[in-house]
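Working notes for the structure below.
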Amino acid sequence: MIEEFATLVDPNDVDDAVLEIEDFSVDYGWGDSAVHAVNNVTLSVRRSRVLGIAGESGSGKSTLVYAVTRLLRAPGVITGGTARLSFDDSSSSTGQMTTLELTTASERELRKIRWSRVSIVLQSALNALNPVLRIGHEFDEVLKTHRPDMNKSERRQRAAELLALVGLNEERLARFPHELSGGQRQRVMIAVALSLDPQLVILDEPTTALDVVTQREIINELAQLRAQFGFAMIFITHDLTLLVELADDIAVMYAGNVVEWAPARDLYDTPRHPYTLGLLSSSPPLSGERRELVGIAGSPPDMSKPLLGCSFHARCPYALDRCSQEAPPLRVIDKTGRKVACWLHDADNVVPGPLRRTVRISAPTQAVNDAVSGSNQAVVL
Amino acid sequence: MRMLLRRLSLYAVTAWVAITVNFMLPHLMPGNPVQTMIGKLTGRVTPQQVHAIELSFGGLKGNLVEQYFGYLHQLLLGNLGVSITLASPVSTILRSAVPWTVGLIGISTILSFVLGTFCGTMLGWMRGSRLDSVIPISTFFQAVPYFFLGTVLLLVFGLNLHWFPVLGAYSPSVTPGLSWTYIFSLIRYGELPVITIVLSSVAGWMLGMRNMMITMIAEDFVLMAVAKGLPRRKVIMHAARNAVLPSVANLSLAIGLVVSGALLVELVFNYPGVGNLLLQAVLNEDYPLIQGIFLIITMTVLVANLLADVLYFILDPRTRTQAAV
Amino acid sequence: MSAARIPRSPKVLVGVGIVGFFVILTVVGPWLAPYDPSSTNFLPNLTPSGSHWLGTTSLGQDIFSQLMVGARATMVVALVAGLVATALSIIVGVAAGYLGGFPDEGLSLLSNVFLAIPGLPLLIVIDSYLPASGRSNSFVIGLIISLTGWAWGARVLRAQTMSLRNRDFVEAARIIGESRFRIMMGEIAPNLLPVLASSLLFTILYSIGAYVTLAYVGLTSTAVWNWGTMLYWAQANNAPLSNEWYWFVPPGVCIALVGMGLALMNFGIDEFINPRLRAGGLSGRLRRTSGLPRRPRLGFTPVMHHPQAQTSGSVLTKMGAQ
């Protein structure tokens, strides 16, 4: 039965996928000293949908995405797996979908799909914008490279349109990054990312460096822009609460593995993996009454050593004997198609209460708090 | 603008310090060299010239403050004294020598900066490639004294292989003037001195630029340039455009060092500039000339510094607006 | 600042080796010299031979002996000048960076002025006024060189001190009530060490250049043997033009080698200060043996399938099935 689930991939997802990542592994370094940052991860992003990837820093969420796009810096090495990008190829017959395998693509092929098919917004727009170039240049060089038939005034026109999309005046085109506020810079980045109507926009913690109000504004703008243009997004963050509003699906990563991958609302309301539960208990609730925030006891494992068993077992309040021996595969556990990598959901186990709920409870029970926090090492707020 | 004004006032102060040091040295050294020198002058130059030299040192009468103001006054009038060995006003001598030095060192410095920046950009970008083996070799050229390298090049490529005409600024058979033969001769005679100065100074620019490129490549905006699918040339430009800023900022500081080394190249190649003149003056203990040359070199270097600062001002938009980052 | 963090790249080791060799030569050079370098007892203009490894000068002096004896004066003056200049730059730079405000303005102006004035012409002017007794005194020469060579170090040290001064441990010392002097010496100075070392190397490099140049121009006593005076005599006797390469090439090459060694050592310090300059986790050897591309390319993450990793993935699934 498990074997069956382990290889099961929802066919609906596949047909409609913009990006399919399969069995993907990434190391930092090579040989004995290598750190295994991402281990056999399988994920996909559906057309016009938002996939949120959540996890603590060091969980491999950014590493995965940068490696898939082949942008990961040395000493990162992709050690296995495939990543297929699908897109409308306007040069061939209309409606024709072309697939590019990113792990075997040449530099030339990559250059062609970069920004025109996949664009990226980084955490700090201040660092992502070249400090000595005007904002207008950021748009201009992209259009010049990918749309050689546009002339100078057309490019300027397009840049002004794009800025208007994110609510900025075209007067900003003549400004330098240091002359804008943090929120304005991030809006510029988003506008630049949309320059070429990409199928997929990757956002790596795009709002982390901003204040809460601006953060909210930008999330709303992104949702509107997605509705308007229909691009898919991968939204990377450590903040699950932020994701649940924007994302269609959420994948939770821990120590280089995807531990739970489910529709956003399901994952948020009724988590099935102990780590997801812990992550939710440590972030403030979206709405409803205030509750005590609880951190997860312990720290992530040393990823330079080979791991025996589940990567979370040492911190897991529900760990079984089996968990320290065998790594659980990510598999479908119920009819909604949600996938969890956890032995607790094996047929012959009694699933602990908090991981069995079917409706959202605004405050986790005291029992969960005790169980999850363990030594009560961290109490936030 | 404030940055340029600050630099301008710095150079004004520097000029004043140089002028004052120039005055104080001969007056404060043990054994009163001015008196001794003027005493030795009798018979070598005319009494009028002796008087001009005395004036240029601030006169022999009055206390130190009065002499100082006398010296400043003469400086304003353009009286730098009279060269003892050449028996003509120092200012006249300098007027004919300075253009050679400015031309030679100016062209070499620009060439060296451009070449070093370009090589450093490529070395930084290609870090880890076989090109890295250039680095240890380049430190040798960085360390070799300019005059020694010049001597070796002169000997090997000038006198033995005859690839370059050497000794002097142009062929003795050509009459100076606005003719192609003269200009051609100038260029041919200038080649080896320029090569010497470039070879000795290029490594500094190159290694500095390489380090800055490596630092810049680690920045997000360079990764963004790649993510945008820009051609490699443009990605490199993104990094280089920022990496060059510290080099330009250092340019104004390094000019003094380059000039110091390059002055001796003139001696090796018998080039008619102020460096050659300075060393002749030192050998002949021609103090008015030594001091005049020191002042003119300092002033020229300060002007060059200011030009470098203006370049920085143009290249870095952050200096133009005072908005906080 | 553990020993493990000190880079040991081949470049640095070669640099240390070269400098070490010349330091030893500084000590033992005069004993290694087979003859008195000033003695004119030999035939003039001999070419290199078994008894005169580098031939003789036009006065009949043994050139190899001059080279050996000259190492000491050259290195000692460079070291004295380098140390004094570094001491000056510590005093000015650390004080300016730590005190801030008005003292900083003044001290920064001072070092900027000294940076802007071209060093060698100033050196030549000062030196030309020195009485003969001063010129023959290596320490006086060293002191004058240090006077023109401290400003760069002061500037670098000031910047580093300013960045250190607001860090937590300095703040803590201030709250405990440590005196300013003790904070400067006890807390800030040790953290300046790498920058200081780099500045010292460059000042020594500058000092060698300046000293040799002064000697070459004839502004140091020709009675003191150093590599610069050797070049001076070689030039004065037209050695380059008469193809007596063994007279002027060895001292020039020695000067360049010492400088090269210092510059190579500085690579190590640079990598220590700026982690980005260190090779990114994968040594060249590892790259070669693993089959990874020799040079990491930005925007083209390498793909290398681990033979073990691929199987381990399926092993996990199989284990799960049991």
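Should a chain be cited, it is by its letter among A, B and C, assigned in written order, with residues numbered from 1 in that chain.
Note that in this section a contact is a pair of C-beta atoms (placed from the backbone, for glycine too) under 8 Å apart; a residue touches a chain by one contact, two chains touch by 3 or more.
Every value quoted in this text rests on a predicted model; they were computed, and no experiment measured them.
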What chain is most central when centres are computed from CA atoms?
C
Just list the two chains that share the greatest number of C-beta contact pairs.
B-C
Reference chain C; chain at largest CA-centroid distance:
A
Let me have the rounded angstrom distance from the C-alpha centre of chain A over to the C-alpha centre of chain C, please.
49
Centroid from C-alpha atoms only, then distance chain B to chain C, rounded to Å. What do you get?
22
Distance between chain A and chain B based on Cα centroids, please, to the nearest Å.
56
On chain A, where are the residues touching two or more other chains?
71, 73, 110, 114
Residues in chain B with touches to at least two other chains are numbered 218, 223, 226-227
Residue numbers in chain C touching two or more further chains are 287, 296, 298-299
The answer for chain B against chain C in the complex is residues 10-11, 13-14, 17-18, 21-22, 25-26, 29-31, 33, 126-130, 135-136, 139-145, 147-149, 151-152, 154-155, 159, 211, 214-215, 217-218, 222-223, 226-227, 235, 252-253, 255-257, 259-261, 263-264, 278-279, 282-283, 285, 287, 290-291, 293-294, 297-298, 301-302, 305
For the chain B and chain A complex, residues of the former touching the latter:
218-221, 223-231, 234, 238, 241-242, 245, 315-318, 321, 323, 325
Any idea which chain C residues touch chain A in the complex?
280-282, 286-287, 290, 292, 296-306, 309-310, 313, 316-317, 319-321
Show which residues of chain A lie in contact with chain C when the two form their complex.
2-3, 6, 23, 25, 27-31, 39-40, 66-67, 70-80, 103-104, 107, 110, 114, 326-329
Would you tell me which residues of chain A are touching chain B in their complex?
69, 71, 73, 110-116, 119-120, 122, 124, 126-134, 141-142, 145-146, 176, 178-179
